[in-house]
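Going by the order they are written in, the chains are A, B and C; count residues from 1 in each one.
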Amino acid sequence: MIKHFAIGIVTLAVILSPWVTGGKYELHIATMVAIMGMLALSMNLMLRIGQLSMAHGAFMGLGAYTTALLCMKLNMPPVLAIVIAGLMVGLIAIVLGTIFLRIKGIYFVLLTYAFGEIINLIFQEWVSLFGGNNGLYGVPKLSAFGYRLTDPGTYYLLTVVFVAATYLLIRKIFRSNIGAILDSLEQDEPLSQSLGVNPLSWRIGVFAVSAMLASVAGSLYAFKIGFLSPQAFSFSLSVDLVVMNVVGGALSPIGPLLGALIIVPLPELLRSVKDYQLLCYGVVLLVFLVFFRDGLMGLIKKTQKAAI
Amino acid sequence: MIPLIEQIIVNGLLSGFAYIVMALGFTLIFGIMRMVNFAHGELYMIGAFTVLVFYGVLKLDFITSVILAIAVAVIVGALIERLLFRRFVGMELGGMIMSLALSIILQSLALIIFGPAERSVDRPFTGVWAIHHAVIAIDRAVVAMGSLIILAAFYTFLRYTRTGLAMQAVAQDRDTAGLMGVESNSIYLIAFAIGSGLAGVAGALMAPIYTISPYMGHLPLLKAFVVVILGGLGSVPGAVLGGLIIGLVESAFATLFNSTIALIASFVIVLLIIIVRPSGLLGKRQ
Amino acid sequence: MTVQLELRALKKRFGGLTAVNDVSFAVQTGEIFGIIGPNGAGKTTLFNLIAGVHRPSGGSILYRGQDITGFSCDAVARLGIARTFQATHVFKTESVYENLRRAALLARAYNPLALFRHARHTESPAQDERILEISRFIGFDSLLHAVAGTLAYGQQKVLGVGMALMTTPHLVLMDEPAAGLNPSEKRMIGELICRMRDDLGLDIVLVEHDMRLIMDICNRILVVNQGTPIAIGTPDVIKNDQHVIDAYLGVDYEFA
């Protein structure tokens, strides 16, 4: 009991420290960790039902660009733009899911990969709408109820609220009867189907929720950075998400958050060895896959078990 | 109008053959080992860089360089199968992610050794042929002919050699093949090596035609995916049919619009076909 | 006596092979209807057609007057037709209680919003009572906390039956319920099936190999050979049917 309390206090302290110290650089990194954490969690949702989606970078991009364009071109209130963008991305996911999730998981990976690439190409080539490779400038700051959010500290807290809500949502899903149904589908699909569950509908549902979370993360990104470019949502982002889930551990929702915490600041730490950065990434991913398949969370759980 | 159509068809067939070789390597590895190899594009890149080194820098002749590129790709393929992929047999998801890691590692190694700049090598064959109203660049024709030779060799291997038959057996039913005395591990090694060799030769042949860079494997991989999804994962005839269709579709849309629209069009067409036949045109029914 | 399940001229082709050829029959209320035939006779395919695993190539299937031809497995289940499997299909890492609970849960899984509210492993008193009721019916009331994977093969099959019952079906399709069971287990499952008909008012269609079981419990039997029906009637009629005897010629079966 005391142990849990202590962990809680420490976690709270770690989370609040960037806001307290107020350093611009630290706040920027911390906000990106929160946004990426949310994105990694959205991908984790798919991994938990045994599907590897390489489209989540594209979903984030779609959410970001749509939100930005709705605000800039249609003068839509930002909060409404976030919601509309999310719904639109969810709808796209439902349509794609109906086609992609019908066959073996491997096709799903390839198809989401191809989809991600195509969307990225569209971001690059449709210059009149998306601004092409030079990017989309001038995304306004998030404002709601007449209050404009320009303070990085407050924005950071907002992203913390979102990522915490995402974490709690995913935890709740897997502890509830929905989690029981998803687990049943994974353990024995023919049995589950014979009892009355349509596997495709459920997978599509999870895919849609997961895509909407990615879209909201994208919206938060758009308001934070104020500038969108296709490079930010390329294939390498999806790879980063995979790395976060593998390193952090995909079996529990804390894993992707841990992974984000480690992976997001990494380019900054490795700035001196820029060329070797990518190599480090690959090697770390490989090492974890071969030796620590359940990631850091898996390691922690193992040591907890050993300690008992 | 007719000259345009002829040109589109010719271009489509020419690029189609290169796609077939690339897709074939990918689908072979999947068909035999049930592995999706995201690093397949990097083996294409390795083939191209080998040609850069031997033909571009050391000034050996082109054909020799291509053969060396095949050798390098085969060796690299064999190594990564033995050291890495073999650990993940039966674990599809893990194997896929591992190949992603490998792809990153190979790309970054190429970056470190060669730098990010795009390079090029001289075209080994210049000039054009005219067939009817269509114009064919000779070096593209060489790529197509090279691909055809490779396809024929591969088909012969698969159908008429003991190893090729053994590979088909393992692809169909590993355990039964094992009972017949076929050792899966060596078959996996050979299949992976051949698959990688196919990617390498595609890269080698295409090296003079486009630019060479560490990121060059990205697009061919995407195209291989599209072809293989269309034709059916694991199906050799599917790779051939898919490659030709994608080649022609791309050629038509690229000529009429641009290459990005062409890629989008290919993807949309594949999606439509998947709706009707989820396992691809010639893929196994689920 | 009303017709519950009706097959009309049902056909199934796989490429060049006709696995089911022009099968017609009607299952009445309160019947245990058996389907038998030599190996490769197409029994399993026929079963899978009704259960929704395959789509028929021709003919139709009606349940209580509604055309259900081509319905998927889950659609068939939602109509009140449950099925059991030849192999053991249970949630091996969960307890018997949880298996039964999940069966009921999956049967009403079309309402996601309601599902979100409930936390796992707690149920309303009514649901809980139903789980106890079914577990008593299959004789598992002392085994509620046993992990399903640790049960004996025969017990897992009975659990599978219990799970099918949790979906409150009206018709139960059973795929070789006796497969893999020893003689005493076979007797017990035979009794269970009879109690399902008599005490729960269920209609049952079963595919089986075990002659004794079929003859003992079925009201009527359909015999198929190479996809084609060759006889249909009560056990006495079937025992003495020359076509049936010929079909099984060379196989040592005791009809008496």
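In the analysis below, contacts are C-beta pairs under 8 Å (C-beta built on N, C-alpha and C of every residue); 3 or more make two chains touch, one makes a residue touch a chain.
From a predicted model like this one, the values you see are computed outputs, not experimental measurements.
**Q** Taking all protein C-alpha atoms shown, work out their mean, then name the chain whose own C-alpha mean is nearest to it.
**A** When every chain is reduced to its C-alpha mean, the one closest to the whole-protein mean is A.
**Q** Look at all chain centres (mean of CA atoms) and spot the one farthest from the centre of chain B.
**A** Measuring from the centre of chain B, the most distant chain centre belongs to C.
**Q** What is the distance in Å between the mean C-alpha positions of chain A and chain B?
**A** About 32 Å, centre to centre.
**Q** Based only on mean CA positions, could you tell me how far chain B sits from chain C in angstrom?
**A** Roughly 49 Å separates the two chain centres.
**Q** List the centre-to-centre spacing of chain A and chain C in whole Å, with centres computed as mean CA coordinates.
**A** 44
**Q** Please list all residues of chain A that touch 2 or more other chains.
**A** none
**Q** Enumerate the contact residues on chain B facing chain A in the complex.
**A** 30, 36, 84, 87, 92-94, 96-98, 100-105, 107-109, 111-112, 218, 222, 225-226, 228-229, 233, 258, 260, 263-264, 267, 270-271, 274-275, 278-279, 286
**Q** In the complex of these two chains, what residues of chain C are touching chain A?
**A** 51, 72-75, 77-78, 82-83, 85, 89-93, 102-103, 105-110, 112, 115-120, 163-164, 167
**Q** List the residues on chain A that touch chain C in their complex, please.
**A** These residues of chain A touch chain C: 172-173, 175-181, 184, 187-188, 190-199, 202, 205.
**Q** Can you check the complex and tell me which residues of chain A touch chain B?
**A** Interface residues on chain A, with respect to chain B: 50, 52, 99, 102-107, 109-111, 113-115, 117-118, 121-122, 124-125, 235, 239, 242, 246, 275-279, 281-283, 285-286, 289-290, 293.
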